[in-house]
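Attaching a single structure in structure tokens format; questions to follow.
By written order: A, B, C and D. Residues from 1 in each chain.
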């Protein structure tokens, strides 16, 4: 997936010379995950910029660059390091278009490697997406596979609205043959039914899509037909696709790594419980992180949703008559 | 209410000489809302500290003071100015106790005047509570009336955990006779049934409790019996109290000023829809701010939930058979 | 936390060109050349600017008292700092202001009635930033400086492709703002990128109730050297010194010599905003002292010395101020308020499903209510 | 953004006491008195510290390669900066470190096997901060300095009630960290409150791949003067200069003269962490040059000059290093891993309904699964 993102960024830099990349260690080093590998060599240090070590500074200056007509793509090195930039993101980036009654657009993309499961130390395994999804004026998307990574990063960069682009870092090493000539067939904000099913719907995004698919496979082997939806966009959320699925299955499980309490699943459960009140045969169940800080990596497998926990929720849902 | 808070702070300063207040303009001026009026004169500039203008600096230094044994109470002048401190709050304050396996406690209280309805300019009417409620390691509470203001601020300061204390600024001028000798009868994290009812439950907190009560009164005049719950604590949430009420009424409306999308209401709707799946006679409805930045004050009344919008939701809920 | 004494105006290294007690301009090797084009007529126009912007300010305060504005942040006392600096830059330059630079906006050509829309509560902005190359009020202290630096970095990039480009960015902020991390980050990014940006600090001695000694125990201008940046302290009540210093810093930026921090030492003679009561935190004596340093009187004494302060001239200036004030008042009273559903108008620039849904519900609800 | 050239070690105003190519200590009017108690025996003990901490570091790197640690951030090359400064302060002082100060923790008396627990992934901390008056790793760059200043403010308050209190706070951070707004805010709060805190910057020339010239184009130490604070630049590979300078700054803080910023110019001879590949961003030549400035060799030359570097002494030091390394390895291999449900243990210090509920579900689920 890291390679697919690299290809997508290269394509964006090629297509539009207002596009520029900014971040810590993204130039000479190519990023700590090598997502920007070689791009400085190819496009120059003016378009792929190694910045000083200050996230607020990166986003603040990128906003200014955007106001001058550029389309900055900022990398936050790890999820846990986005908070110093929170004020610039939430009070500036998100609000400038509204504030100026549409006069100023800020086409900024913020790339954030996120999530756990890679055995990292503190602050390197966070899932902060709900903070941004709750913030009006931002768009929040996340890819779950190399194909989407390639297409979605380009779509995000083309958007005139600010986009938080969350990259599931534990999937960076996933491999796939990505067709670099294919144009995206799905809108950036559309959810995708990854596999169809009839008994129960599982909604997941980013790193958890693979987990959901594995659970569905296992369930299938026991005769249960699971429909898996990759959410892709967390703000806005494509509720129509979820609705349609739940109208069919009557049961819904939402899976994410972030804390369940006020995580993305809360909004999905709330809204689907309202919209599908008479179709739901069981309560919407949520599988996710606990209401604790992300734990040390030796016990992270107990924090992270895995196939078993998803299957357990599926069973619990199916048990409701 | 401002006076009740002032009295509560005075009491806390009196009771425990490790308590100290920090913030912008809280000393000589007594705070822009006069919540700290006279306290510097009474307790000295060492215990009621006018800080430099930097929220991150205030919280960061307060953490250090807490590590040295003090119990700082920090004022953030307005809701919209808490974001520069977000990193210190979310990555430090919230995590230090967990990080150190309980060795270090950080008994810090952050007072935040919040919410709209006072005709203020941009960034002065925000409702950022969900960001903090989603953050493990923090506690989040809010008062809705002078009595609670007086008791809860003292309880918050006595807590060894970090507490975000949200004060509904549009209620600062509400008056009541507060018994300054009464000890709090309710736990800081308990919700309170403000008026009992049988047809439908309305859950609200902070500035919206008064609105919910007004709606209940109007509904009563039309023969509908509404139970109003003041949530008081937003993290943790006292779900048992809500459960009990919904078990009785079968219908729930949640009201807050913050954006509905991923607001506190999302978690309540999600959890109550799960826990009371078979008791609910209608979907949980949410009344709150829109998925837009807080608007200019000339149109804020259209953004803010009011009695009519609450009544409308009550009607919609009751209409479900 | 001990409060250091407020910084003194009369530090030796503060640039000042207007004499304090009348007489003609002081000569300064470095800065006087930047005033070569300021003849008597121009001096009178500068005076007019000072008077007009004070008059706009007074009118706005009056409108607030009458309930027409929700709030107002008076610039009273800071006219010279704002007029001098605004006159020192060009229309193509881009200004990132805070919330008190009404005079700068006015001099950049905004329709003055638009300035008040923000303070009335009718909008979060007021004008289109690109119309006058200046942002609308930045309320979060310390947020705009980094944006200015980024904009200036953009200019640098543009200039590489088009060597006719010599724009700069200018950012205004107060003494209080210098404590925010964002300010230091902005100095750091500017210094390390050599961006064409001028940092203009109006040190008006207070951040609401906090005297500047709470923010720093040394002159703010000193901060620049810590980043290897040029810093200049100027008498902010001396409109000509401010003009000269701004032109100097702007020229440095324009010619590739990098950023400059200007500290204009001035005084907020009014309240922080119309909601504030400065008598709670400052002495009458202090205000009285600064009244003797009034920036308008200061220039007037030089006009008098040169024989330019004729009754005719003064009457014309007053008439102009009256006219602008009347226009401002009229514009304010005629404000067309936003439609309720405008709440949803510009949250995103591209369609957004949740916004569409909420807007539809909103319209439905309010239509339903009206029937 | 242009990359200024990396700062030179040999700036005139850099304090250095160990001669570079052998010989005895240089005399310095200001700083030599701070070494009055450093006799030959003490010099040998300092040498031992340097060797031991390098050996711990090497052992940890080896353990990481063997899969026993998830990650390790080597201090190779920075031994003098850490040993010198750690020896310059007292047990009662409180240290707010970043994540690379293994030597400081060791010298403050932590059981060295505890240091590795963090890097193994067994905990977010490793030791009880109050046991050695030093925080556990601070990973978010720029976060710990403000906390140090707050702690120091607390000391000031305590000292008012008890004049036997002369503790100080010391905070460690890298060159990269100086770009964060939090660092400047910390300088500002410290300067304006006059808090007893020493800011100790290990400028090891890199923030991961970013040479220090990306952060600043002037020496980091210069930042201090912008806040009216004392700043000292010291040769960070000269353990005695670092010791003297730290004692000087600590004494200033202790006696009420306020904060000091120390910039110790050193070099990270290894990778940023064991995950890093420095050959991607720096030249072999540069590394080779700095190898000639190795902080251990540097002290060794003086020991040799004084005839202290006997085979016996060197062997004893090696034996000690071997012993500590063996202890570290053993401790690491014997780590007792946290129980799964420890996730819920210390989120709050008081009961919390959601945690209780989730813990119960968790135990239920895992008990269920086990059956």
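By our rule, a residue touches a chain if its C-beta (ideal position, glycine included) is under 8 Å from a C-beta of that chain, and two chains touch if they have at least 3 such contacts.
All values derive from a computational prediction rather than experimental measurement.
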Practice task
Could you leave chain D out and let me know how the rest splits into touching groups, if at all?
Solution key: one piece
Handout entry: Maximum centroid distance from chain B, chain identifier (CA atoms)
Key = D
Fill in the blank from the handout: Rounded to the nearest Å, the gap between Cα centres of chain A and chain D is 36
Exercise for the section: Could you grab the centroid distance between chain B and chain D? Build each centroid from C-alpha atoms only and quote it in angstrom. Expected result: 41
Problem - chain A and chain B: spacing of chain centres that average the CA atoms, whole Å - result: 30
Handout entry: In chain A, residues with contacts to at least two other chains
Key = 51-52, 54, 56-57, 80, 83-84, 87, 91, 95, 98-99, 122-123, 136-137, 235, 261, 290-293
Fill in the blank from the handout: Within chain D, the set of residues that touch 2 or more other chains is 1, 123-124, 140, 153, 179-182, 185, 188, 192, 214-215, 347, 354-355
Practice task
May I ask you to sort the chain touch graph into line, ring, star, complete or other?
Solution key: complete
Handout entry: Partner chain D, residues of chain C touching it in the complex
Key = 1-2, 4, 153, 178-185, 188, 191-194, 213-218, 222-228
Fill in the blank from the handout: chain D partner, complex, touching residues on chain A are 24-25, 27-30, 32, 45, 49-54, 56-57, 80-81, 83-84, 119-124, 261, 290-293, 295-300, 302-303, 308-309, 312
Exercise for the section: Using the touch rule from the top, collect the residues of chain C that touch chain A in their complex. Expected result: 94, 96, 123-125, 128-130, 136, 140, 143, 145-155, 157-158, 160, 169, 181-182, 185-186, 188-189, 192, 345-350, 352-355
Exercise for the section: Provide the residue numbers of chain C that touch chain B in the complex, in ascending order. Expected result: 1, 3, 70-71, 118-124, 137, 139-142, 176-177, 179-182, 207-210, 214-215, 275, 280-281, 337-344, 347, 354-355, 358, 362, 365-366, 369
Exercise for the section: State the interface residues of chain B toward chain D in the complex, per the touch definition above. Expected result: 20, 46, 51-52, 54, 56-57, 59-70, 87-88, 91-92, 95, 97-105, 136-137, 139, 159-161, 189, 235-240
